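Shown below is the structure under consideration.
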Amino acid sequence: MSIPLVPKLLRAHLADLAKEGKRHDGRGRFEGRKVELEVDCLPRAEGSARVRMGDTIVFAGVKFQIMTPYPDRPNQGGLMCSAEVRPVAGRGWEPGPPSPESIELGRVVDRGIRESGCINTEDLCIIPGEKAWQVILDLFALSDDGNLFDAFGLAAIAALKNATIPAERFEAGEDRPLEVSKTPIMCSYHKVGGRFVYDTDKKEELGGDERIHITLGDDDHVHSLQKGLKGIFTAAEFAEIMSEARSRCSELRDLIDQAVGK
Amino acid sequence: MSIPLVPKLLRAHLADLAKEGKRHDGRGRFEGRKVELEVDCLPRAEGSARVRMGDTIVFAGVKFQIMTPYPDRPNQGGLMCSAEVRPVAGRGWEPGPPSPESIELGRVVDRGIRESGCINTEDLCIIPGEKAWQVILDLFALSDDGNLFDAFGLAAIAALKNATIPAERFEAGEDRPLEVSKTPIMCSYHKVGGRFVYDTDKKEELGGDERIHITLGDDDHVHSLQKGLKGIFTAAEFAEIMSEARSRCSELRDLIDQAVGK
Amino acid sequence: MSIPLVPKLLRAHLADLAKEGKRHDGRGRFEGRKVELEVDCLPRAEGSARVRMGDTIVFAGVKFQIMTPYPDRPNQGGLMCSAEVRPVAGRGWEPGPPSPESIELGRVVDRGIRESGCINTEDLCIIPGEKAWQVILDLFALSDDGNLFDAFGLAAIAALKNATIPAERFEAGEDRPLEVSKTPIMCSYHKVGGRFVYDTDKKEELGGDERIHITLGDDDHVHSLQKGLKGIFTAAEFAEIMSEARSRCSELRDLIDQAVGK
Amino acid sequence: MGGYGDVQCIDENGIRLDGRKIDEVRPMSIEVGVVPVADGSARMKWGLNDVIAAVYGPMEAHPRKIQRQDRAVLDVRYNMAPFSTTDRIRPGFNRRSREISKVTAEALESVVLTELYPRSKIRVEIEIICAEAGTRCAGITAASVALAHAGIPMTDLVVSVASGKVHDVVVCDLNKEEDNYGEADLPMGILPNTGELVFLQMDGDLSPQQFQEAWDYNMGAAKVIHEVMVEALKGGDE
Amino acid sequence: MGGYGDVQCIDENGIRLDGRKIDEVRPMSIEVGVVPVADGSARMKWGLNDVIAAVYGPMEAHPRKIQRQDRAVLDVRYNMAPFSTTDRIRPGFNRRSREISKVTAEALESVVLTELYPRSKIRVEIEIICAEAGTRCAGITAASVALAHAGIPMTDLVVSVASGKVHDVVVCDLNKEEDNYGEADLPMGILPNTGELVFLQMDGDLSPQQFQEAWDYNMGAAKVIHEVMVEALKGGDE
Amino acid sequence: MGGYGDVQCIDENGIRLDGRKIDEVRPMSIEVGVVPVADGSARMKWGLNDVIAAVYGPMEAHPRKIQRQDRAVLDVRYNMAPFSTTDRIRPGFNRRSREISKVTAEALESVVLTELYPRSKIRVEIEIICAEAGTRCAGITAASVALAHAGIPMTDLVVSVASGKVHDVVVCDLNKEEDNYGEADLPMGILPNTGELVFLQMDGDLSPQQFQEAWDYNMGAAKVIHEVMVEALKGGDE
């Protein structure tokens, strides 16, 4: 069951295409699939987004809870990011406790958001030492046709930028928008047929080697990196995709701003 | 292991008997097995009952704990009903986390008791907003020869009616009987050989199709229904067993009253 | 995988040796392997020890936490002993939830320490009813070549005797040594080739029958016993190893005193 | 009327808080093909409920101990997304989800021609993206559309709907307020072509007469819902 | 005498709180056949202890990795029912139960002729319905009767009993108060025909002399208990 | 400089709290053969880090579903001992450990000639006995030495080290205070013979220039660490 033979043929096929500088669906090496981004699409969430990249579809939902600040940070609220890939998302996702793959996915997306400092946790304090907001960001994959990382990353920051703190429901003042001061964006590159390509679909994931996830913030600052899967890469290869990531992140940042109306 | 061939033969045998209007142990379609009911049989429990129906034997035990009332219901205590079917009860019950079968069993019995309103949770308040009684009803199967649902249902209400609130041990006033204002009774019907029969034993369960559990309260009010297992039934079939349930529940209610001395 | 055939041959071989009064590594029946004991070897622990017996190597580390005393014992702190045998320790130790073997190991070592009364829990009280020290003793197996029980027992008491209460870090007064008033010692005997031998290595464990663990305190008082594995023994056999344990425990107690500098 | 404070769920003209008549179902729509990588899928919006069902298979059933020699097994999971309710739900299966998954599987197994696929497994994934009241009914209904969309042979679709009782009045297809303040809930799974049942639960308090009324409302509603299901499958994306 | 407050467990005439002499066991009874669907079963009442043991098998051992080529394995579970103690016990295995299950299995494997049933499994289920003190001993004793009742060949029965020390006095078969206020507990599993041992635990504090006294009390008590076991098997329900 | 209170991590002469220069690694030593029952092992002390790696295998991979027809799988576990940190760590795997185990396995699989051992498994156990900062790097480094010590063929060793940023200054090989008060961390896994990479993570905030500085420090440090590794393997206990 778990020893797919197809990948061998698939790998060979993708390698042949790569020699001619092609991808199996006709895209250029650094060309992404069409991106659809919709916000405010989940009525019970305080902030939400839906991202579609090709046949990959994900949702992000933001909820708020009241927490007691940690004793050593009495003026700070919290941010929690949870990513679940349930079996609905594809044939290969099994039920059961979180797989290493989904743990990595959640943690990499979480770091990109958290390390950018886009949420100022002091801004979430209600009563110092007593009450603060905890922002909970839940990522949900509906259809996985590859590159869940970038889809989650995009949905995450869009949902946060769409979020309203439900202060009235908790009798803690007036509702107000959650302040999100930066726009971290993740771009992922996967080595397929010997060279890195951007925004792989499922076939390319199955027939590829290592992948690298880059999260860039405003002014091209690096906030998070992650190399996943077996594979060796050179400094020159990395420099090339880092340079590509800079321009692509910038495009996607514009898309976000447009969608959230800013 | 898990693909029993016997049931096919067993199904055929039970179907043949059904054609002649018979059951494998000679009982009539709506005739129950002999019921033994004993209360106050577990010295460490605050209320207890033992039910035997044929070779099916179960215990119910009631314990009390002090709880803090939920903020939105400061005047109410709680009722918790837990059913465990451990491997002692039969060859087919495996150790490990609760199976879907035992979860359903526990929840259906719980709903029958809870929805009847037989326990007034406001009656369990000790100090509003601070302390209240939590009633914990534990159901325990010792020997499963079929129809654990009804045996559990009967033991549950009998144990509750037998229970004493151990206020002295918790320094919360004087011991007093738990007030139980109604007597919900469950009757279960299982389709065997093409028609519903009452109180199936293990053989009939193995060779049968869907089952329907009906919990009736005083004045024939319906408190809980559950259809379990694969199978299709008609409105007419349901009407017939509902009518049977009304008279049988009434008989069993008398048995309870007798056993708890009311 | 799990039905080793080697043990049969191994058992026969060990039995042949036993007939001649020999052990496979040339030791005498009640001769232990060379013992190395080092304390204060884990910089982040408040007390620590490393024990090597042949190729069996274990660590013990002591940490302290602040706890709220139990309502019925307002003047007492607590002692918790946890033993984990992780897969690092040998080919046969699998990852996953604790096996019955490792649960038994932890509990037997724990009882030896606890029942000797070497830690006076009243001595751990900081503010009656409010704050007390909880001593946490973690046992860690690095290399298992047999007789983890005795290695753990030795490391445990040595680490406790090496421990300093980190009161300053918790703003609870001045740092002071943990008082350990007794020196319980465990000696384990394993039936190999039909007679009990002391301090078995892995081969003897694989080819042996039941084992008996004896923990003795000062003045030969018995604090803990445990018979493990399948096997029958006589009162005379027990009397012989109990007598051996008395002298061996005494030797090891001297070793401890030497190592902790007392 | 029940003593549930000031909430008045039905006015003197028999009109409910959301403007519906007593025997009327909430507005609904169904779309198929919403999970492109699945073999079949459907999204049902029903009041504020937003429910997605995806079907994978038939595929090899493993581990082998779940295989059946003479038929396929349905591996059904009902799950509420963390953001589907006012108070966030912690991820992970719970007893309620497991029970609903079980009775849903049994309802669907009653109509799927499982004997056509011995030893295999059909996965049915039901995800509640937004919850109002009646999510289990919406899930069963969406799942039977998704099975049809996946081309799995069935004897009939299953239409599921719950009527209940609010302030001692029986009403069709409870909404959230009616569910919160109500006194009984009767979800049923109905075969629209024969009126037979494959799913039945109930909790609360219903007199024999009230029970019959709720039953009849469900039977009537099933016809309306069935039309929406058929329409969605006609206009499918395939 | 020990400093445990005002509780005086033994009076000046050597009579204990429950009226027993120092070397006397609590009243007990054993009944077989109490779990009708099991292959063998026994219920032992011993003081307030109420313990049931049921045996299933020999049966095929699965998963296969637990199989032994040359013998049967004993799959033993010791469990305390939630209502068996003053404070309710939360269901689910715990470390204490697992350890008792392990040593119980090893004690029973020492007498069962497991080599007669290669590759198979014998399940032994021990359920504590009501607990006083000495439940593990009652469990082992009841289990060995249940195995005999199931017709499983054994070299001998196992009789288990615990003596201990209370206020520095060694007494036979501790009851609940003696267990709570006592300073040592020595449970043993004895083969009545040879006086050999298959089970031994101890915790607390016993001088060498006290240890020998407790040992001897257990040996004496084993004879008394053995008679009750034999009687139960004679008068069995079969 | 950053606003992290009074802690001044680097003085005016570019000397760090522990006396190191900006581009200098902490003192380190490696010893092989520290787990006598393993097929290969190494202990690396690096600052206060004390890390042990043990290798078992190649051995049969089971359960069979983890087997690969054409290569061995690396089964890597990274774990912090309960007493390895100032605040005790509760035993049991957690999400952080699982992620580190995954990326460590993937780094090592990039150099081990796994295709020489189809269908088999190589276990790599990394235990953090004492933690300062950079335990994942020490773990990867020690594991590659342990694999070599076990005689597992590899294309190269893997050297892992993390540089980062403290108070807006980029420094090599962060120690504990620098990690606590720092603003970025860039761990890398480098093949010393080619300068290629098999492991890369980063979190925090680095401008493009700072990123390049940290990268270069890691490359430089890798050479120093590599010598210690080679030395340990030469002077091994075999």
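For clarity, chains are labelled A, B, C, D, E and F in written order, and residue numbers in each chain start from 1.
FYI, a contact is a pair of C-beta atoms (placed from the backbone, for glycine too) under 8 Å apart; a residue touches a chain by one contact, two chains touch by 3 or more.
Just so we're clear, the structure is a prediction, and the values are computed from it rather than from any experiment.
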(request) Check every other chain and keep only those touching both chain A and chain D; list them. (result) none
(request) Hop across touching chains from chain A and tell me the fewest hops that reach chain E. (result) 3
(request) Average the CA atoms of each chain to get its centre, and name the chain whose centre is farthest from that of chain E. (result) A
(message) From the mean C-alpha coordinate of chain E to that of chain F, what's the distance rounded to whole Å?
(response) 52
(message) Centroid from C-alpha atoms only, then distance chain A to chain B, rounded to Å. What do you get?
(response) 49
(request) Find the geometric centre of each of chain A and chain F from their Cα atoms only, then give the gap between the two centres in Å, rounded to an integer. (result) 26
(message) Touching at least two other chains at once: which residues of chain D meet that condition?
(response) none
(request) List, in ascending order, every residue of chain C touching at least 2 other chains. (result) 1
(request) Between the chains shown, work out who touches whom and classify the graph as line, ring, star, complete or other. (result) ring
(message) If the ring is traversed from chain A in the direction of chain D, what sequence of chains comes out?
(response) A, D, B, E, C, F
(message) Could you list, by residue number, the parts of chain D that touch chain A in their complex?
(response) 34-38, 48, 50, 52, 54, 56, 59-60, 62, 77, 79, 81-86, 88, 91, 123, 125, 127, 129-131
(request) Could you pull out which chain B residues touch chain E in their complex? (result) 1, 42-45, 48, 55, 57, 59, 61-63, 65, 82, 84, 86-91, 95, 136, 138, 140, 142-145, 169, 202
(request) Going by the contact rule at the top, pick out the chain C residues touching chain E in the complex. (result) 1-3, 98, 100, 103-104, 106-107, 111, 114-117, 210, 212, 217, 219-235, 238
(request) Would you mind writing out the residues of chain D in touch with chain B in their complex? (result) 65-69, 95-96, 98-99, 101-103, 106, 109-111, 186, 191, 195-208, 211, 215
